[in-house]
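Take a look at the structures below.
Both of the next two complexes hold chain A, though its partner changes from chain B to chain C.
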Partner chain A sequence: MQEALFENYEKQVWELAGIVPGSEGVRMRAFKQAVKLGLPTKRDEDWRYSDVKFLNDISFSISKKPKAIEVKQAPLSQNYAARLVFVNGYFDEDLSDYAELLEAVNVRPLANHFTSNPDRVDELVEGGDGVALLNTALMIGGMVISVPANTVIEKPVEILNYSTGTEQSASHIRHVLEIGEAASLNIIEHFVGDAISGNYWNNSVIQARVSEGGSLTHHRVQEEGAHAFHTAKAHVSLDAGANYSCSNLMLGAKVSRFEGHVKVMGEDARATIDGVALAGKDQSHDILTNVRHMVPGSTSDQVVRTIADAFGKTAFQGKVIVDKDAQETEADQSFKALLFDRRGEANAKPELEILADDVKCSHGATVGELDEKAIFYLTSRGVDPVTARQILVSAFTADAFERVDDELKTVIAEKVAQWMTERNIG
Partner chain B sequence: MAGTAEARQQVEDATGEYKYGFVSDVDMDMAPKGLNEDVIRFISAKKNEPEWLLEWRLKAYYQWLKMEEPDWAKVNYPKIDYNDIYYYAAPKTQDKPKSLDEVDPELIRTYEKLGIPLEEQKVLAGVEGARKVAVDAVFDSVSVATTFRDELKKAGVIFMSISEAVHEYPELVKKYLATVVPVRDNYFAALNCAVFTDGTFVYIPKGVRCPMELSTYFRINTENTGQFERTLIIADEGSYVSYLEGCTAPMRDENQLHAAVVELVALDDAEIKYSTVQNWYPGDKDGKGGIYNFVTKRALCKGKNSKVSWTQVETGSAVTWKYPSCVLAGENSVGEFYSVAVTNNYQQADTGTKMIHQGVGSRSTIISKGISAGKSENTYRGLVKVLAGAEGVRNYTQCDSLLVSSECGAHTVPYIEVKNPSAQIEHEATTSKISDDQLFYCRSRGLDEEEAVAMIVNGFCKEVMQHLPMEFAVEAQKLLGISLEGSVG
Partner chain C sequence: MTMLKIENLHVQVGTTEIIKGLNLEVKAGEVHAIMGPNGAGKSTLASTIAGRDDYEVTSGSVTFQGKDLLDLESHERAGEGIFLGFQYPVEIPGVSNLNFLRTALNGVRKYKGEDEMSAGEFMKLVRAKASDLKMDVDMLKRFVNVGFSGGEKKRNEMVQMAVLDPKFAVLDETDSGLDIDALRIVSEGINAQRRDDTAILLITHYQRLLDYVQPDVVHVLADGQIVKSGGKELALELEEKGYADVA
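Presenting the complex of A and B:
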């Protein structure tokens, strides 16, 4: 069944030779491994709640770089340090604006990365499941951002991934982030699909290493086209005292999935992964986390909130692993799901795997509908029912954006409110 | 002599070696080792079974051949050679014993050594007991003596071995057998269907509150004998029954396989309370030997307002793979699961429950306490599923893990799948160790470290223990202490 797909993808590996010079060996290796593992199906434990049919049904072509187009999408943050624009997975120099950033940090397209540093190709994250391997085998580009030690970029760097949405096209994007000692970077990834887009597939991987005392903030706002497929992974490793803070807003796409894989390798490091997924009709949103504490004294926290309307589906699969040596780990997970309609679906699998004894780990998960008593309370105070529900939903989702800075928080809250208004839920 | 035995007892107590590790010598009438159609025909013929049951067994066997051993549980054990096991071993009796005098005295001694604490000892010896507990004692697969049957009969309760029930109440057995756990449900269940040797059958008629607590003592004897028990309990409309199951097994070096199936059916307004204390031989300090316990337990709350409550205290077995579940099909049906699982040394336990909510207004409660010590692995794996048609479902889940050593593992793998918005699902889990403050406090009050740990652990498990019937609660508390001996300091 998947043989025909892989035949197509193998051709693409050859076609893409030279697009990121120096990566050919890695691509072929990853491709062979992908063939061996196969693409995920429902039978894979990690994908049991996802709609993976598209991976097995559609033979995607590599997306094309469009001729000069206008992207009207306004930036999420008005006060940005840089704006990097990708169209269909290809970096668009003209639409981007990163002069200011260049002064402080090293920013370069992935395409040029290995020509000057051929050894660094080994640093590419290769492993993972079929989807991750396909990303390595078929990546068309991305950004490499290296922040030197002690350099703090306060203002956000926005990466806009705009898709024109050609039917059955796929863009495999790979960003590489390197945060030096005591340096910090704030990334906002914004995925936007054209209003008339088709069933394209955006498959992105971010790999990041945060050195001692460094900090990486990673916000994601996903507003792909209504027929799109979106799979994204973040592979992050943290040195001592490093911090990784991730937030997610999942709105668009027919099927979307975010995976956060964090290796906590240094003491006193902290990882947080938060998310809000709003699934309307025929949408499926999936958040998977895998936080592994490998050394003593680190912490992690996850706050995920999802809402499913009629025929919508959300899933959270959160995993915290505490290695044998990782004493004094503190790990928390909180997952809450709301169902607006009996035809919606919420799934959760908050998992703890603990091999050390001196730990404090907990998780909580709840699923339910909006509290009628709370609505009644608000309406009895003169709030109309629609607004009452809006208020409750915004409070519900706000938990997952506590760690987002104020400007973006407002933008996100507006998007959540708009989602509610569109549904006319009240 | 007595002094020596006493000293040995003390040593064993102190080292926490398995107390019930002894072997009683009874002539066995065995089927040849291995599993094939002939062995199944042999078992069926031995038990003089009707044709339909043999056919059913054979069908299950061929189904089993097509299935694969599950590997998703977090347990590791050497590959089991299913052809290196005796599938049938029964104490040799010329005829069915009509009175206890005809029972092999060796068996009675075994019960004594087991310290069957109950009035049955007296009953077995022909003395009228004050408190009545009915026992269907299973000695290596075949029911030897069933007591209190007459009295139960008066109430209309059927309590007998399943092989007898097949003859006496074939229509009831046929109607319910494998309706809760289908033959093809899982690898071990299918195996059980093919080779089950005996087990218990209980039927509580309409409106009857079973006059006593029913109980079965399992005991695995004979080396290399897998025990394939099959229990079927049916509570008809408005009835109530409390069933106790407790297990001990002799010390053995070779691993023994146990793949039981328990099916419960609760009709309208019926309630079944099923309590288990499992302390099969867990293997020695180096992880050698011990029982493999692969059990499928499931209850069908078929009727409206029906209720099934599972309570289990799991301290034994080298490997446990067990998920007592409830299918809550009836309107306003209730499922409960209270569990304490203790693992020490090299034990591995992957246990939990499934609550499948189909009925409107069905409710479930899950309280699971896992304690890992030594080099053991303890996993809670559970599923709460709400189907789209099930309005107003309520679930509360709490699973706590306590780590007593730095070399053990505690894992929590809950699955939550909800398709109805009116459901209220709550899940909470914590993992922590016994805090130094708690220990210090206890020790400053004069308890030694082991006593202190036992006390804290018993406190940790209290929510579950209180759901055990009295007889069991005391035994279970002692068991917790014994299981954790040698795990601190």
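Presenting the complex of A and C:
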């Protein structure tokens, strides 16, 4: 079935190998492995809730770098440390603004990395699934950001991924983040599709390593075009006392999925992955997390809230693995879903694999509807029903944004409210 | 002047008829008390007046200052000046009392064609009303009724009433669960709302409240109908003899 697809993708591998010198080896290794594993289908346990058919139905071609383009998208954070703009997966120097960041941090294009540090790029060839492997085989743009020890970048570094969205085009983006000891970085990834974009595919992978006492904050705001496919993975490893804090707002795309894979390798490290997914008609949003505690005394926490309207679909698959030696691990997971309509769908699959005996793990999953009693209480006092529902939805989603700084929180809250306004239910 | 007029009201919840041909007329400046056994339909009547949409009015009419209330949605009724003090105030995690109350007040003002109240003015108003009801403003920063004691919830209802300043308040067992001091404070709050241009419908099981807030008319509601009406002495008679002998 997938042979024709792979034939097409192999051609692309060779083309790209010609364009990015030194990338041929790693691309080919990844490609061969991808062929071996195949692209995911509904039969794969991890993908069973996703509308993954597009991967098998559509033969994507590598997106083209557009000619000079005006991107009017305003930054999510007015007060940023840097803004890196990618258009169709290609870095756009003119639209970006990062001169100041360069003074403190090493930022360089991914292409350089192939030659200088091939092992690091190679990591995902092993253990990656077909989608990750295809990213490695076909990646075009991305940044390597290395924050030296003890360097704290407080203001966010915003990465805008803007897609013009040519039909059946694909962008495979790869960022590599290296956070030094006691260093910290705050990135906001914003995915935006042009209003007239077609069924393009954005396939993004972030690899991050946070050294001892370092901190990486990673916010994602996904507003791809209405026909788009969006798959994204973050692979993060944490040394002792390191912190990874991730939040997600999933709004756009027809099919979207975020995977957060964290290896907690150092004591007292902490990983949090939060998310809100709002699925309207014919949208499918998935959040999959996989947190592995490998050493004693680390913590993880996940707060995920999803809402599905009629014919919308959301899923949360949360896996926590506690290795035998990882005593005194604390791992919490909270998933709540709202259905606005009986024809909406919410799926939850918490998975705990606990091999240590002295751990504190909790998880909860609920699926429900908006509380009619609360709506009546609000409306009986003079709040109109549309606003009443908005208030309840903001409260419902707020739990998952508690770890987001105030400025971005306000922006996110507005986007959630906007989504509610578009639903027009009351 | 008649404020609220209910004629031959029938209300169904699910497939069960709860209100079965009820008549009631309340004039401006009056306080009416409704008493009656558990399950008689008092709260159902209160919710129907406030516009709860899963309570189906199968026949009859409810008019408020000449307007057909049944034509209006719940928030529009609030805009007209109807207020329901809930027997069981709802807890809403994640929503602060102040935010909710400000949105409600501005909703009512918008309905009346008035400008929004500024945050500063609003806070001044809330502080004054909360202090009248001996409620700490800090409590209002918390989530709506979450973690409030039974008595605190009822007092919160009264703060909301005072801020919204309705023309017609239906207070469903606002006195239940209040300690002796709180009952006095809440009663003062109700009396402050008692004016020539307002009316109040008190639903209660106890004479104690009626000692503080003396009603003009007392009704007995049993099995979905008003079965007896009288002056404030009717409440005393009920307390003495029970519903079976009086109604």
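The criterion applied here is as follows: the second predicted complex is superposed on the first by the 409 of 426 C-alpha atoms of A that agree within 3 Å, B and C clash if a C-alpha of one lies under 4 Å from a C-alpha of the other, contacts with A are read in each partner's own complex, and residues count from 1 in each chain.
To be clear about the criterion, a residue touches a chain if its C-beta (ideal position, glycine included) is under 8 Å from a C-beta of that chain, and two chains touch if they have at least 3 such contacts.
Here the structure is a predicted model, which is why all the values come from computation and not from measurement.
Annotation for chain A, partner touching more residues between chain B and chain C: B. Touch criterion met: A:355 reaches chain B, while chain C stays clear of it.
Of the two partner chains, neither chain B nor chain C is touched by A:282.
With both structures placed on the common chain, the touch criterion links A:44 to neither chain B nor chain C. Legend: residue contacts after superposition of the two complexes on their common chain; A:368 is shown touching chain B, with no touch to chain C. In the superposed model, A:385 makes contact with chain C only, not with chain B. When the shared chain is aligned, chain B comes close enough to touch A:344, but chain C does not.
When the two complexes are laid over each other on chain A, chain A has no residue in contact with both chain B and chain C. Looking at the complex, you find that chain A touches chain C at residues 371-374, 376-385, 387-388, 391-392, 394-396, 398-399.
Interface of chain A with chain B (complex): residues 45, 49, 324, 327, 337-369.
Those residues of chain C that touch chain A in the shared complex are 47, 50-54, 73-75, 77-79, 82-84, 86, 89-90, 92-95, 99-101, 103-105, 107-108, 111, 144, 160, 164.
Within the complex formed with chain A, the residues of chain B that make contact are 72, 386, 388, 391, 401, 403-433.
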